[in-house]
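Structure below; questions to follow.
Chain IDs A, B, C and D follow the sequence of writing; residue 1 opens each chain.
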């Protein structure tokens, strides 16, 4: 293995970087271990739209091999008139889907005020890209006993992102999962540019597990499989992908969602790469 | 005047764009009118550090010609270990400085929870660049009766920024001030790249006033005067600049702060440009 | 004046930075002095299309107050099937327009091989943004006795740009003019983001004159006047703007070209700003 | 396989996109087929420094499994005072290394004038990132009978890059290889951000083979293996990596060069991923 790395890390980042106490964090989510020798697939719809939709999606992704169900109840939207998510009702439906399938849930929390509520339903608290530097929110999830998945800000450097993980860790929550979801560049074919190098860089300097989200990162369904394979080959601890029972009817981000058939094909597609990295699903 | 503008605006932005009801919003802050025929200078320290510091700064900027006092009580910082501001104590000191000088105050609020508290002291609620898309916070300030200054997200497009203004306006608060503070680019000499074109673009498509912040945008004291002149020449309704009684001792952003002498020279420097745009201080 | 500047300049840049020998270069182009107390207006069509068009444009810009005529004979185009310019015929027409109006000419050279040819017609050799780091071309114009206007690469840092000026200066040509023309960012309303701060930064660290091109930088006609005013207020030594007798018929970049009437209004618009900087047209 | 792709391609790009005549181009370089079922490794030093260095590097990369030898004779450098390459002497040494090892050569040509000279020695003409839109150069290599490897401009969109391939193809040279080498972003840990998605995007819309260069793209040796694996997993037709017999003594880009031992480990590292994509070295 080529092992030379002298990346400059801001001296004040103490907890998020590798140190004598911890070389690699494995986050245990109801028995699903993120950061170990299994590649984690988080899958599900962009937003929870109805009981039928989320249950169907949950069953599909469970059958396909996903270990964690994703779904948004509180949705950050560019405009106030767009569908903003079902709120607590969405959380209730996600919990129902968990009961049905046994899959732990990851869902976004957008407001420090709502951390207790969301944490009472979900298994992983997700901090979205727009809130990466919402420091009161970071502190609040840092005081929660639920693991936190911290998405990279759309235009955040890796060091700034680590600084945000530090906020959570400093409050006493050791279970932070980093999620690369694409950075803003001038390219227009893709919605963002997925920075695959974030995975090996974080693994070199930090002990935190790294998930890659090619659905939001690229904005295009056909790029989800190759970019997932790239992420896994580069050592990412898992990928998060959008799956919708009927992508063409999705209230949000249909163009990047995999159909149930797509998802099945997707899992078959990534299996050899997972095996090539000496890991398993 | 060259007047051709067919910029594509997302169809759903209704309130933030020019319309039959309103062509130009003038925000009245305790008698200081932002968006009219006076160029507004907001000045003061990055963060409130002590009674002495903020009073000294307030007196200096008042004497120099500033119409509004800026100062941070709640500071968003990249790392949890950096000075986070004095909190409510800082607000109390700002209110004292207002009493002393008569200058209205603008200060940042970072958390929906704190809007009521901050609004009870300040005259303008500032939304910082990291919170531009903190939608719960936008909704909350939209329900306040205090004007809101909305800073552009570091990597937000102008249309996304207008979408955030729409969130505030849609809650019933008509007094939104846009603040360009530099966007993230590859250039490293400046902290960010101040997008001066944001001012004429917003003036062409929106009725909201536009302030430019060259201190945060460039990160360098010597660029504050030329970039302020550029902003004013391009039609910005005002500028926000950092002034510290002793920049070399500042707890935050000293390298971009003007000293009292600098500020005095700065005002003299911009006066001819203000006059050339048929406006006055 | 606020005068603090400690920008890090690569140690090896010797000739393009201020030094004991030279604090400010004034480039003399047939008597038109660039870098002194006059603000220079370079104006004309994006590309030379016909004798009639270039002569009409030349007369219009001369009457309006421009001191230099711009026009492209060799055009770099994104696709091979787009109009590539008239080549030497375009140079001949430009020379004719100079004879008619007395205006010196600036035109682009794209190929080291063509430097001698282009230099035999033009008064300033322009290096376009796509060729900023075409080092053989830089060396060749460095050996010419004609002044060179070096456009900033679309995604070049200021230090890289200065490195390219150094290539020209190192070959013995002291007459280099820097031209900021917008950098590539994520914003989509404008074609590029004009980095106005490049002007005061270059003036702080380099002795070379700086021109700003808001036509290419913004891609929108209505932004040319405010961005020109911004550039001049920030200290730029001049602006380069596109003027076409009939913008709606332009073979190239019509949407950003000023009509003759626009140009007249434009000149009136910028005059007060020029005066406010203690300079004249 | 998830196969949905409706990327907008400029209508005028005809030859570089998939069409009835050609679905996938396989470029044959002295029997080495690029774009087929073998993953191509191009390896060698950034620049040719001496006979000993290039021969040693050639032998090392040949032994390791590389199919093509890279090495720069004409080097584009940010400053005129940096080592500019050995010029024709470097080409002679590369040809000697080919004779010694049988490996075809790829080397950069920077000037239309030098295409004939460089083509007389090399097997693939490389167009560097700074010259992607040097149109006279593109036309000249389009008239050569040697294959051309076209590096993506540092801040070029994929459509602009395809437009440049079109220039070469339109002159009659069908053997164009695309090379992703990282795009300019705000991230500072890596020199550039390698856009892995460029490989599957090009494969979806174009018939041209795609090589990824993680050495220049990341600037860090330790990122070469994971980013190579990512590229191969995403379907890239090969990778180009820098190998230097003594990286610590390299005149150029030592920090990103693999040592002979690194290269050996690198090849072992990527083999399972290559196998997982049903291809071989």
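The rule we apply is simple: a contact is a pair of C-beta atoms (placed from the backbone, for glycine too) under 8 Å apart; a residue touches a chain by one contact, two chains touch by 3 or more.
From a predicted model like this one, the values you see are computed outputs, not experimental measurements.
**Q** Identify the chains in contact with subunit C as well as subunit D, in label order.
**A** Chains touching both subunit C and subunit D: A, B.
**Q** Looking only at C-beta pairs in contact, point me to the busier pair out of A-C and A-D.
**A** It is A-D, judged by the count of C-beta pairs in contact.
**Q** Averaging each chain's C-alpha atoms to get its centre, pick out the one most distant from subunit D.
**A** Farthest chain from subunit D, going by C-alpha centroids: B.
**Q** With chain centres taken as the means of their Cα atoms, state the distance from subunit A to subunit C in Å.
**A** 47
**Q** Roughly how far is subunit A from subunit D, centre to centre by C-alpha average, rounded to an integer in Å?
**A** The mean C-alpha positions of subunit A and subunit D differ by 33 Å.
**Q** Mind pulling the residue numbers of subunit D that touch at least two other chains?
**A** Subunit D, residues with two or more chain partners: 155, 184-186, 188.
**Q** What part of subunit A is in contact with subunit C in the complex they form?
**A** Those in contact with subunit C are residues 155, 184-186, 188.
**Q** Any idea which subunit D residues touch subunit A in the complex?
**A** Touch list, subunit D to subunit A: 1-5, 7-8, 155, 157-159, 183, 185-190, 193-197, 199-201, 204, 218, 220-227, 229-235, 258, 262, 265-266, 269, 272-273, 275-277.
**Q** For subunit C, which residues count as touching subunit D in their complex?
**A** Residues 10, 12-13, 76-82, 110-114, 130-131, 133-137, 139, 154-155, 160, 163, 166-167, 170, 184 of subunit C touch subunit D in their complex.
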